[in-house]
Amino acid sequence: MMDRSRLEAFSDGVFAVAITLLALNLAVPGPGHGPLLHQLGHQWPVYVAYLVSFFVIGVLWVNHHSLFGQVARVDRGLLFANLCLLLFVVAIPFITSTLADYLLAGGQDARTAAILYALVMEGMGLTFTVMFAYVVRAGLLHTPLTPEASRAAVLRFGFGTGAYLVAVGAAFVSAPLVLVVAGGITAYYIFERVPTSASPIEESGGDTLG
Amino acid sequence: MMDRSRLEAFSDGVFAVAITLLALNLAVPGPGHGPLLHQLGHQWPVYVAYLVSFFVIGVLWVNHHSLFGQVARVDRGLLFANLCLLLFVVAIPFITSTLADYLLAGGQDARTAAILYALVMEGMGLTFTVMFAYVVRAGLLHTPLTPEASRAAVLRFGFGTGAYLVAVGAAFVSAPLVLVVAGGITAYYIFERVPTSASPIEESGGDTLG
Amino acid sequence: MMDRSRLEAFSDGVFAVAITLLALNLAVPGPGHGPLLHQLGHQWPVYVAYLVSFFVIGVLWVNHHSLFGQVARVDRGLLFANLCLLLFVVAIPFITSTLADYLLAGGQDARTAAILYALVMEGMGLTFTVMFAYVVRAGLLHTPLTPEASRAAVLRFGFGTGAYLVAVGAAFVSAPLVLVVAGGITAYYIFERVPTSASPIEESGGDTLG
Amino acid sequence: MMDRSRLEAFSDGVFAVAITLLALNLAVPGPGHGPLLHQLGHQWPVYVAYLVSFFVIGVLWVNHHSLFGQVARVDRGLLFANLCLLLFVVAIPFITSTLADYLLAGGQDARTAAILYALVMEGMGLTFTVMFAYVVRAGLLHTPLTPEASRAAVLRFGFGTGAYLVAVGAAFVSAPLVLVVAGGITAYYIFERVPTSASPIEESGGDTLG
């Protein structure tokens, strides 16, 4: 049986690099571009976008952690599903800096940047859901899910995937709204408790799956 | 016996950083360079090159994973063979951004960028094949390969090494063709099943080797 | 029980990337900007800021290492407390390069850069203290702390949190003073021994906690 | 007893990021700066410096691997000795790109860049030697070294430390000579076998230490 530790190590490396590269965008123009306080204040969209994207990646990492904590076997399909997920993760620093650059521009450019941001989030959420479904179908879990756990998990990930679609819609209305929606989805994943879960996370890391 | 976990951890780190740095090239010129939609549309070669190189590194990582899953011992020769492989991996973000920059330029520059891209791919494929041969010759596998498994593995890696030579040839004809060939080789490694394999990957990670 | 190894692997990845990105700021302007020796000499604030921030991250990593060496269980709260800590760690290359750029400018800009630096340090110290308190309260340690160990640990982290407040104050007086204070706090954590500790670090990694 | 796995994971992360960042320097100026072939040919010092520094970091990683394979316990002193080593590792992309930029400039600037390069190498070699001596003195090895093994190890690391001093001297004579000397030292560590070693690396990873 192929062990899952290298998949986790590689994914953790990608998560860690992507989350750290986010901060490269914090840099101010530097000396000769007006008072530093003004430069810092001027780029508040950069900080907001940084915060939201940081926790988006962080929450995804927590969910990844929870999912793979339940996985008993890794097959070739799962390796490639995971690669597809990472394809979106790796693009997050790019869409974040683009959104921050255009957030206040208004008009079509701000809308374009916001839609791009929401679409990558939607792609990420969708890939994660597909990967979860694949894991369940292919019987790769330590313990098969009970029907209730399965329903709860479908609801939970369905929520995320649907909510990112809302973010795509929000992008057409207002660019900053995308960050509000993405931040809200992230906060939901931080604070939610699935009450029907029989296996609290403290025992088994199970709340993600049921 | 030297354990292989640090070799894997270091390699995974390099793979993870290289695959994430690929995305640095996605950045658009930014405000003041025309409509964002136009900027994004204008750099479609960047996205194609990003996609191909992402899966090239991803597939190499999967194959690396499979190979080392079979390795029982790591000796000094294998450490340095692996370093040589990483030398090419680390250069992939560079050749990818160069190819993307010159893909549409046409003429000698596009050809130069495409040949550079194909040569690094060929170097990567060749080094992996040499490393595999070294592992077999030096008796570093958990279980020596059966003659058929050995033949299948030789065929499999020989295919890759030969196909990247085709990519070098393609580069002389047309720069975009290099990405088609590299993408095709990658797709082959994603979908292929070596039918003579006695040990399906789900059981032992063995399909890479036989 | 959720294992702590992936939390450590992910955190180590973030620490490693952040500490390495610090060095990107060492780059000189390059040919055409006067004698190299002059360029190197001119940016001595860059080296000092690099040194201080390198050891700030290094010491934090050591303390992180010690804390998690005592942790028996990881729950969802701890995962997010750790994410908040990493939010500050990831910002360190940014505040370091900003401080280095403005250190010698004097006036309001130098003060702004120094306050920003000190505030992120304070945020980092505070988050670590909160995370430690959370671990103790939530009963996540292998062995509950004795009252003396608990007192010593509170003193120890209280020192850091308080000292970074001193750094914030120092920033209002003089920008270079911030680096002196941050360097001093770091040196304290390198050399201090908590004498009441019953479990020397050589045995159990315990001196951080008591 | 504090386990050494996180020290290795963190160090591997730093080695991996530093070795991958080396390649950022390979980038050509891009379209609008003359024929690509000319741009590539023009920056041959970049490739040579990249190759040498890549294997310098790679060999250091192998030696680090070998050393810690023998370490039974990690104490606070060793953690900080290791941090000091990483301080030099992290600076290697910087000194490499500086040397590449000035290699052909000749005169004082080339000499400055070469001396900087050699000094960081010397610092790295010296720190590794001090760390090795610390490990032996503090009794942190699994198996104490025999007197012969100890002598061989002293000779071996003494060679490196001395040879990098030669590199410092070479820098005063000619900048390219520094790369020749550093490349030669690296090749020595790749190919050398310490004949008195009782424990060949294939068995125990021991040849680094004796």
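Labels A, B, C and D are assigned to the chains in the order they are written; within every chain, residues are numbered from 1.
FYI, a contact is a pair of C-beta atoms (placed from the backbone, for glycine too) under 8 Å apart; a residue touches a chain by one contact, two chains touch by 3 or more.
On a predicted model such as this, the values are computed, not experimentally measured, just so you know.
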item: Magnitude of the superposing rotation for subunit C and subunit D (Cα, nearest 5°); value: 90
item: Of all other chains, the one whose Cα centre sits farthest from subunit B; value: C
item: Interface residue identity across copies subunit A, subunit C - same or different by half; value: different
item: Between subunit A and subunit C, centroid-to-centroid distance (C-alpha), Å; value: 26
item: Geometric centre distance via CA averages, subunit C-subunit B, whole Å; value: 37
item: Residues of subunit B touching at least two other chains; value: 9, 12-13, 16-17, 21
item: Parts of subunit C lying in touch with subunit D, wherever the complex brings them together; value: 8-9, 12-13, 15-17, 19-24, 26-28, 30-31, 35-37, 40, 51, 54-55, 58, 61-62, 65-66, 69, 190, 201-205, 207
item: For the subunit C and subunit A complex, residues of the former touching the latter; value: 1-3, 6-7, 9-10, 12-14, 16-18, 21, 73, 75-76, 79-80, 83, 86-87, 90-91, 93-94, 97-98, 101-102, 105, 108-109, 112-113, 116
